[in-house]
Amino acid sequence: MRRALGFGLFVAVAVVTLAFLALPIVGIFVHTSPGNVLHQFSNPVVKDAFVVSLKTSLLAQAAILLFGTPTAYLLATRRFPGHSLAVTLVELPLVLPPAVAGVGLLAALGRFGLLGSSLSALGITLPFTQTAVTIAVAYVASPLYIRQAIATFEATDPHLTAASRTLGAGPVRTFFRVVLPLARGGLIAGLALSFARGLGEFGATIMFAGSLQKVTQTLPLAIYQEFAVNFDASLAMGAVLVLISAVLLLTLRIALSWRSSPSTRSPSLFGLSSSS
Amino acid sequence: MRRALGFGLFVAVAVVTLAFLALPIVGIFVHTSPGNVLHQFSNPVVKDAFVVSLKTSLLAQAAILLFGTPTAYLLATRRFPGHSLAVTLVELPLVLPPAVAGVGLLAALGRFGLLGSSLSALGITLPFTQTAVTIAVAYVASPLYIRQAIATFEATDPHLTAASRTLGAGPVRTFFRVVLPLARGGLIAGLALSFARGLGEFGATIMFAGSLQKVTQTLPLAIYQEFAVNFDASLAMGAVLVLISAVLLLTLRIALSWRSSPSTRSPSLFGLSSSS
Amino acid sequence: MAKLTLDQIAVPLRTFQLELSLEVGSTVALVGPSGAGKSTVLNTIAGLVKPAAGSIRCDEETWFDAERGVFVRPEDRRVGLVFQDYALFPHLTVRQNVEYARRHHADEYLDRFQIRHLQDARPGSLSGGERQRVALARALARDPAILLLDEPLAALDAHTKVDVRAELQQLLAGLEIPTLLVTHDFEDAAALADEVGVIVEGRLRQTGTPADLVAQPADPFVASFTGANLLHGEWCATGVGTTGIRLDDGTLVSTTDDGDGAIVLAVYPWDVTISTTRPDDSAMNVVAGAITAITELGNRARVTVGPLTAEITVDSLRRLGLRPGQQVYASFKATGTRVVASRPTEG
Amino acid sequence: MAKLTLDQIAVPLRTFQLELSLEVGSTVALVGPSGAGKSTVLNTIAGLVKPAAGSIRCDEETWFDAERGVFVRPEDRRVGLVFQDYALFPHLTVRQNVEYARRHHADEYLDRFQIRHLQDARPGSLSGGERQRVALARALARDPAILLLDEPLAALDAHTKVDVRAELQQLLAGLEIPTLLVTHDFEDAAALADEVGVIVEGRLRQTGTPADLVAQPADPFVASFTGANLLHGEWCATGVGTTGIRLDDGTLVSTTDDGDGAIVLAVYPWDVTISTTRPDDSAMNVVAGAITAITELGNRARVTVGPLTAEITVDSLRRLGLRPGQQVYASFKATGTRVVASRPTEG
Amino acid sequence: RAESATRAQLTVYAAASLTNVFPAIDKSEKYSFGGSNALAAQIKQGAPADVFASANMTLPTQLFQQGFCSKPKVFTRNALVIVVPKSNPAHIRNIYNLTKSGVKIDIAASGVPVGTYTLQILKNMNLTNAVLKNVVSQETDVREVLAKVALAEADAGFVYSTDAKTVPGKVKVIRIPAWAQPKLRYGICVVSSSSQKTAAKAFIKRVLGKAGQKKLHRYGFLPRVKPKS
């Protein structure tokens, strides 16, 4: 009896928690009619913002994938002095107030920034360009991908890579023929997460790239601007963002859980895996 | 040769990536002298903001720990219809633009929000209170802890819980005597991450709790406000935030890697674990 | 002593459904290949897996009954389950592990299993044998009505295994608790249990004393599992009236049994003798061929000739000067052969 | 055929340092308890682990040399390494696995190992035996100068094991490649290898043919590893001039050897006979005691009396009507005992 | 070079309160609306702006002194109003009601122009302490003030009269006596780094010109020079 009670408590707490996490989202949708949401897509501001968001997000994610993957792999498979520092570095953007991150980007890449002079020497000015948006998004979203990637790579059986080596494949070939295919699922999941996060990026973007319609004004920036002039519109855009992210994450999660599903096997009561 | 080259490329990419992630932080510190940073602590605005931040963060993390842990445990050990949905729900705050999250919180818990009437019936009004800050922080930071916790719980050997059951311990006793002790490391890591993220929270807070010195003005809010009037001060505060987060994460990572360290064992070249 | 009864329990598994009835009064061993469902049986009894149908009773207590919707939770069933990997709590000391079941006779068990001196060590630092003793102590400390052992010897390397097995043997003899143990090694089963059940793909193929299984294996699988050579062939007429068996490689074999169609014969290595000249004994079945492998162990040697492996003494090995590749004759008495159901072998 | 030479390699491991020199010309087996460093030796040869000192040569090629700072990367050493868990690529088909080593003779190996019919299956769906064949095919497909097998039989359950072992035995006989295989089961080693090295805590205790190790175990560990009973005792004077050994349980034992101080005797089960009356044969050493365990298997039975386990035929078991608990005499010839170094036993 | 016949679009950085009116005056340019402070900060960081239109004179004057832009001209004026939720839960009728205890007042932070003006008004009417005690939040942007009143979380807030017009359905406007209004002048200037100075000047002319001023008036802005009364 007491036990059943204890367990009930667990469930209760969980329900409360999930409800709490769901509420704000429900709130947003309550305040906007679906009609309103659709109607937003005829609003030029929204349209432009949407395009900018999509373009920059895709570029940013491509960059994250390209640069983050090898980084994650090395961090996962090699131990070197300063390893912990490197991993912390990867996590920092996650915990930096985006606005501060933006200031940091300015301080680093702005025209008075560390690399500013060298960049302008090459005739490049980053701040307030679309490139700046991409950079801001990439900076803020990267940890979500890289951390996931590290975890995934750490989980791949070292025997398989070793086998590949003894079969005459160098580290690189091994990476592409064995490691990547096995890590695919985890990497995709991580990328989806960082994509969603990137879509929602605000603070760093406004600081580093400003908010110029058609150029640097992403959805979150548009939302913020519309607050003043058209409150409903901003709420509706918020709803749009939530929808995109949620759908993205959900489909992915389901797709993956279809692949390696513990739920497909298991008459077992207490999560005993098949090895039990 | 070609191989060595390929591998060199990997390293190069990793170095570039880490440099990119480090730059903004370096930037911030270049722009502020250590003296300036220390000097900030005599600035009353900063002092108050610091106190508010600390207080709300601690409360928020306590709440996250208390509510998030059982939730994570159930999500990790039970499969039920809508499981994927629940997990996505847990991740959403991570990807919502904080400002939108803030509006959502207002729409849900504001005095004219979904639960507003029922709350005010109990004589509770949340917006503009410190509680509101705590809620905002908890909402935005929770995913980082809960996701980590889920991963950790999923990793604990089901045989151990099963053993505990057959030894006469109910689910709850099992949880406290076996699961928690084993998961400790992972949970702490997750909590540190969410703590750091909570410290940096801006968008949701300003929307849901507003910004009032001594009451609801956290460090990031102060940074933003000072931004207009006193750029250096804001940079310095940013630096303070970065320092706190970084130190927190780093010490933790090192502490943990001391416990279950792959780096302490390993003459092995290719990360072959001891079982190899 | 208590008695456990599984009545037509059914557990749907990934690739097949586990279905069996079983009575455990003394020490029973379940043997079977990996993936046969052995562990699942134990988990079901312990209440860690919930069957789709059937019932489980321990003496008068009903632990599970699909019809009556009874399900007693694992913590309320008096079972002592020892996992294949022992599943000791790594964060607790040996003593704390043994005391986990909330009883205060820990010392008694620490002494009984001679692990008193280890009481403050953590499981991580113990040898396989020591871990097993701790696991047993822990399981018994809760004073179970029935003891369940999952692969008690699998985690040990071959040379500790022998000692630990002897230890376990004496222990079980001493205990007054019905025990169900699981293994995929017939030899272990024979050593530890009074009764052995062979389980394949979730169904019991045969149960009986180890001797029974060797004497009358119910099917080719059981036969091969108990270490017999399997000869595939066909019934055919041999001369006037008498029938025999033509093996797939053509040699004629006579048996004391009778039948027709495709068939499988079981011959145990120790019933096979090797000779360099064809033995002219009508009662003998002879398979001629080259020696493909010779394994010496102690004073015995296993010699493989075509489909047959013979077990002979090292002395005779030397006397005959056998070498791999050499042409020899492997022969066995007609009475030494067992005709087993003409089902093809698994595993 | 090629020859591999390990010259005084040293690998620091968590709890001890692996240090050995070894020559592999034919088929050599390393046996030892879990954690002895067996896998590490293979990984070192394959180039997966870099030693702190020493050198590794394969014929004329130098693969590693600490002094000269030579280190050939694993992909450039011609080794075929078969992992204990086979380490097949789960995302590739059997065929793709075999073709992985970039050679086009895949078919040849698919046929040779009779896995042609499995070529499109993924490893996940294969049985233990089939996996092993695929792993071997894959390793040989790269045409290695030396073959390394890590616990080739550990992943199999006991009854497939026998068949697979025979298979492997024939295969190795056929190959013209020096092979180093690792196991913790002396029986497997004896079955597969011409030469056996016993490794404990990173050092070779003894090397020789299986028969040698049984005949003259260098130390108690090797003895127990090869299946001997160990009797602990002390040299002492027995009557006039002759010396003998007083066992810890008091019984006097005479041997053909001579010495003094603490000592360990090795007696193999098949040298021990059981009788219900004390045998009055001066050449016999006798240990009296109660039977603690009886294990029947096939036509043999293992009977444990005090410190001794005897292996007798089931017939004599029946004839003497032996039962656990019964008082009997276990006796063995003085010539049947081997005095092994008076070091205490490990493991 | 950009001075060609078909010149490129101008980039106009303008105060958030101009979000609706500027496109009405000249829809062909690119606009970036935001808090005047943020915009000024961005211009200092080298944002590619041609024109800067601020919700005050102080910021452009600062920029001018630091050489970031030309001498600012006043191009319009604005007034502050009090907005209350349509439901007006605190029953605010006039500014003096704001001193009632328990009223939730939302204002912009002193760093932000609106914030400064709000404080001036309170000073002029010496309600400073009486009102400030009811302030529940000092936002970083007039938008947040408006949003919270619109969501009826705050009982009242100080915003530009022009902002109030953008959420008609949600808020009621309460005027503030003219005598208490601060000098609320919008300044406009050409950014020094602009590559299209002439076009920029032309734009400013358009704003200052009749048509421009009419539009501004229509959107609730006040004439750039106080009519002598």
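Here are a few things to note about the model shown:
Think of it as A, B, C, D and E in the order they're written, each chain with its own count starting at 1.
Please note the rule applied: contacts are C-beta pairs under 8 Å (C-beta built on N, C-alpha and C of every residue); 3 or more make two chains touch, one makes a residue touch a chain.
Model, not experiment: these values are computed from the prediction.
Using the contact threshold fixed earlier, the set of chains in contact with both subunit A and subunit C is B, D. Between subunit A and subunit B, two chains of identical sequence, the interface residue sets overlap for the most part, with shared numbers making up over half of the total. Counting C-beta pairs in contact, the chain pair with the largest number is A-B. Taking each chain's centre as the mean of its C-alpha atoms, subunit A lies 53 Å from subunit D. Mean C-alpha position of subunit C lies 87 Å from that of subunit E.
Centroids of subunit C and subunit D (each the mean of its C-alpha atoms) stand 23 Å apart. A straight line joining the Cα centres of subunit A and subunit B is 15 Å long. For subunit B, residues that reach two or more other chains under the stated contact definition are 3, 103, 106-107, 159, 162, 165, 170, 224, 227, 270, 272, 276. Under the contact definition stated at the top, the residues of subunit E that touch 2 or more other chains are 38, 144, 147. For subunit D, residues that reach two or more other chains under the stated contact definition are 43, 47-48, 74-75, 83.
Within the complex, the subunit B residues that touch subunit C are 157, 159-160, 162-170, 177-178, 181-182. Per the touch definition, subunit E reaches subunit B in the complex via residues 35, 37-38, 41, 104, 106, 109-112, 135-140, 144, 147-148, 151-154.
Residues 3, 6-7, 9-11, 13-14, 16-18, 20-28, 30-31, 66-68, 70-71, 73-75, 77-79, 83-101, 103-109, 113-115, 139, 142, 144, 151, 158-159, 161-162, 165, 170-173, 175, 193, 196-197, 199-203, 219-220, 223-224, 234-235, 238, 241-242, 245-246, 249-250, 253-254, 257, 262-263, 266, 270-273, 276 of subunit A touch subunit B in their complex.
Note for the complex: subunit D touches subunit C at residues 33-34, 127-128, 157-160, 162, 166, 169-170, 173, 184-187, 190-191, 210-211, 214, 224-225, 227, 268-271, 292-293, 295-300, 302, 304, 309, 311, 324, 347.
Interface of subunit E with subunit A (complex): residues 11, 16-17, 19-20, 30-34, 38, 42, 45-48, 142-144, 146-147, 150, 163, 166-167, 170.
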